[in-house]
Amino acid sequence: MPAKEVTESIATLKTASKNEPIAKFLGMKLVELKPGYAKITMKLKPEYQNFNGYVFGGVIVAVADHAFAYGSNSVAYPSVATQFNINFINAAGPEDTLTAECNVLRSGKRAGVSEITVKNQTGKLIAKATGVTVRV
Amino acid sequence: MPAKEVTESIATLKTASKNEPIAKFLGMKLVELKPGYAKITMKLKPEYQNFNGYVFGGVIVAVADHAFAYGSNSVAYPSVATQFNINFINAAGPEDTLTAECNVLRSGKRAGVSEITVKNQTGKLIAKATGVTVRV
Amino acid sequence: MPAKEVTESIATLKTASKNEPIAKFLGMKLVELKPGYAKITMKLKPEYQNFNGYVFGGVIVAVADHAFAYGSNSVAYPSVATQFNINFINAAGPEDTLTAECNVLRSGKRAGVSEITVKNQTGKLIAKATGVTVRV
Amino acid sequence: MPAKEVTESIATLKTASKNEPIAKFLGMKLVELKPGYAKITMKLKPEYQNFNGYVFGGVIVAVADHAFAYGSNSVAYPSVATQFNINFINAAGPEDTLTAECNVLRSGKRAGVSEITVKNQTGKLIAKATGVTVRV
């Protein structure tokens, strides 16, 4: 997108993030947003544990997917995800605070590709993901 | 695993599912579990919407991942996910009830592969996913 | 695409397949093509083995990717792959003949999603894959 | 694996690479191998083009998968791939020389996760991939 549109998208997204239902529900916070980059934090809760006592994989996906949504929309608004792949590298503990960072690798007229990392408060790598978005 | 162990795992998992924190938090219900197969339902809520007014992708992943966890653990307990890939096929509405079904394609000594479909209450395909689990 | 365009694409693809360089080089044959579906066969060769004596994963990907290209282009021509994910389920032997079948799950204005299976001559499942294509 | 085993695996792999059937057939060369890292080069040929005149995706996968095999086996020998995901970022030309680099992100007792990049001779990013391996 032209630079002016990117600036407008970022302003729109920052405003939208303040009242986003799922972000409130899960406790995810947009802490940085610039063209092609987004950073999200999420304080985990005991409710996020699964039957093994681990943090549910879907919660780790959530923070990664949230960074992915903001990062990809910053340069191609509005876009939706069509595909998402994640590798779980290290387990997260129920007391951790996770930080997800999304970098857009490619943003084309029709589709884009992004890369996302999830780390805990000590910088340990929890997961790496990639995803494809499509303009709508 | 030998048949006896599979039977025991399924009994353990059914009991565990009644008090699983994340399942309560997100409203996910285990409705069927047999060797190599699990079915989960989830009634969506307005809180699950993202800034576009769509149901957040991470919520669709959650129900798929939950079926994946039960299905894979039914034949290889305890196992954890190391990788998960999903394609979002059709959008889900905030009033929908989603059903995720997991079928284990392969369960080896060290790793397993599963396939998951997510449909809404009319049978419309919402997402398809695959994942790899590792014995722990 | 409208039905007339689909018919034309299929005719174009069938002609193109007869002189496709990579298909000749690897011995891949288009044996069926209809809207949203393609079937490819490939006779394996001793040259396709890797250092472990297994058939190289990239060769199994090749036959899957080839079916994917024809299947997705049959309903959205011309399209290119932006993402591809594969699970290797059973090993293939160097004497096997592989058959890959692609089914298009969704074909939209900008992007499409397909699913591919690879089996050997006895019907044993060798691999399952999914991929995303973008119109060009 | 213990350091001694890693050293032995690397020596074994370097020797094996000199007579690997698929490497000769496709023109792939192991140019660097150290614990958790492998680098492969591949000079493309006109035979690698598909019906669109692009380099066939399966060929780009091949060089990535080859680096993946060496990288993952350097620290966990013998291992085989169970899953592989790739994003095609920029098209490759039929005259290009591709270089694939694999870095192992995690190597556990049962499974490992690796990350692979493919670039052309000018350093342009052609593809990024990840994969899961299992010890055999």
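In order of appearance the chains are A, B, C and D, and numbering begins at 1 in each one.
The working rule: a residue touches a chain if its C-beta (ideal position, glycine included) is under 8 Å from a C-beta of that chain, and two chains touch if they have at least 3 such contacts.
All of these numbers come straight from a predicted model, not from anything done at the bench.
Between A-B and A-D, more contacting C-beta pairs join the chains of A-B. On a Cα centroid basis, the chain most remote from chain B in this structure is D.
If each chain is reduced to the centroid of its CA atoms, chain A and chain C end up 32 Å from each other.
Averaged C-alpha coordinates put the centre of chain A at 29 Å from the centre of chain D.
Here the CA centre of chain A is 21 Å from the CA centre of chain B. Shown for chain B are the residues in touch with two or more other chains, namely 82-83, 85, 87, 113, 130, 132. For chain D in complex with chain C, the touching residues are 13, 16-17, 20-26, 46-52, 54, 56-59, 61-63, 65-66, 69, 78, 80-88, 91.
Residues of chain C that touch chain A in their complex: 82-83, 85, 108, 110-111, 113, 130, 132, 134-135.
Across the interface of their complex, chain A is touched by residues 85, 87, 89-90, 105-106, 113, 115, 125, 128, 130, 132 of chain D.
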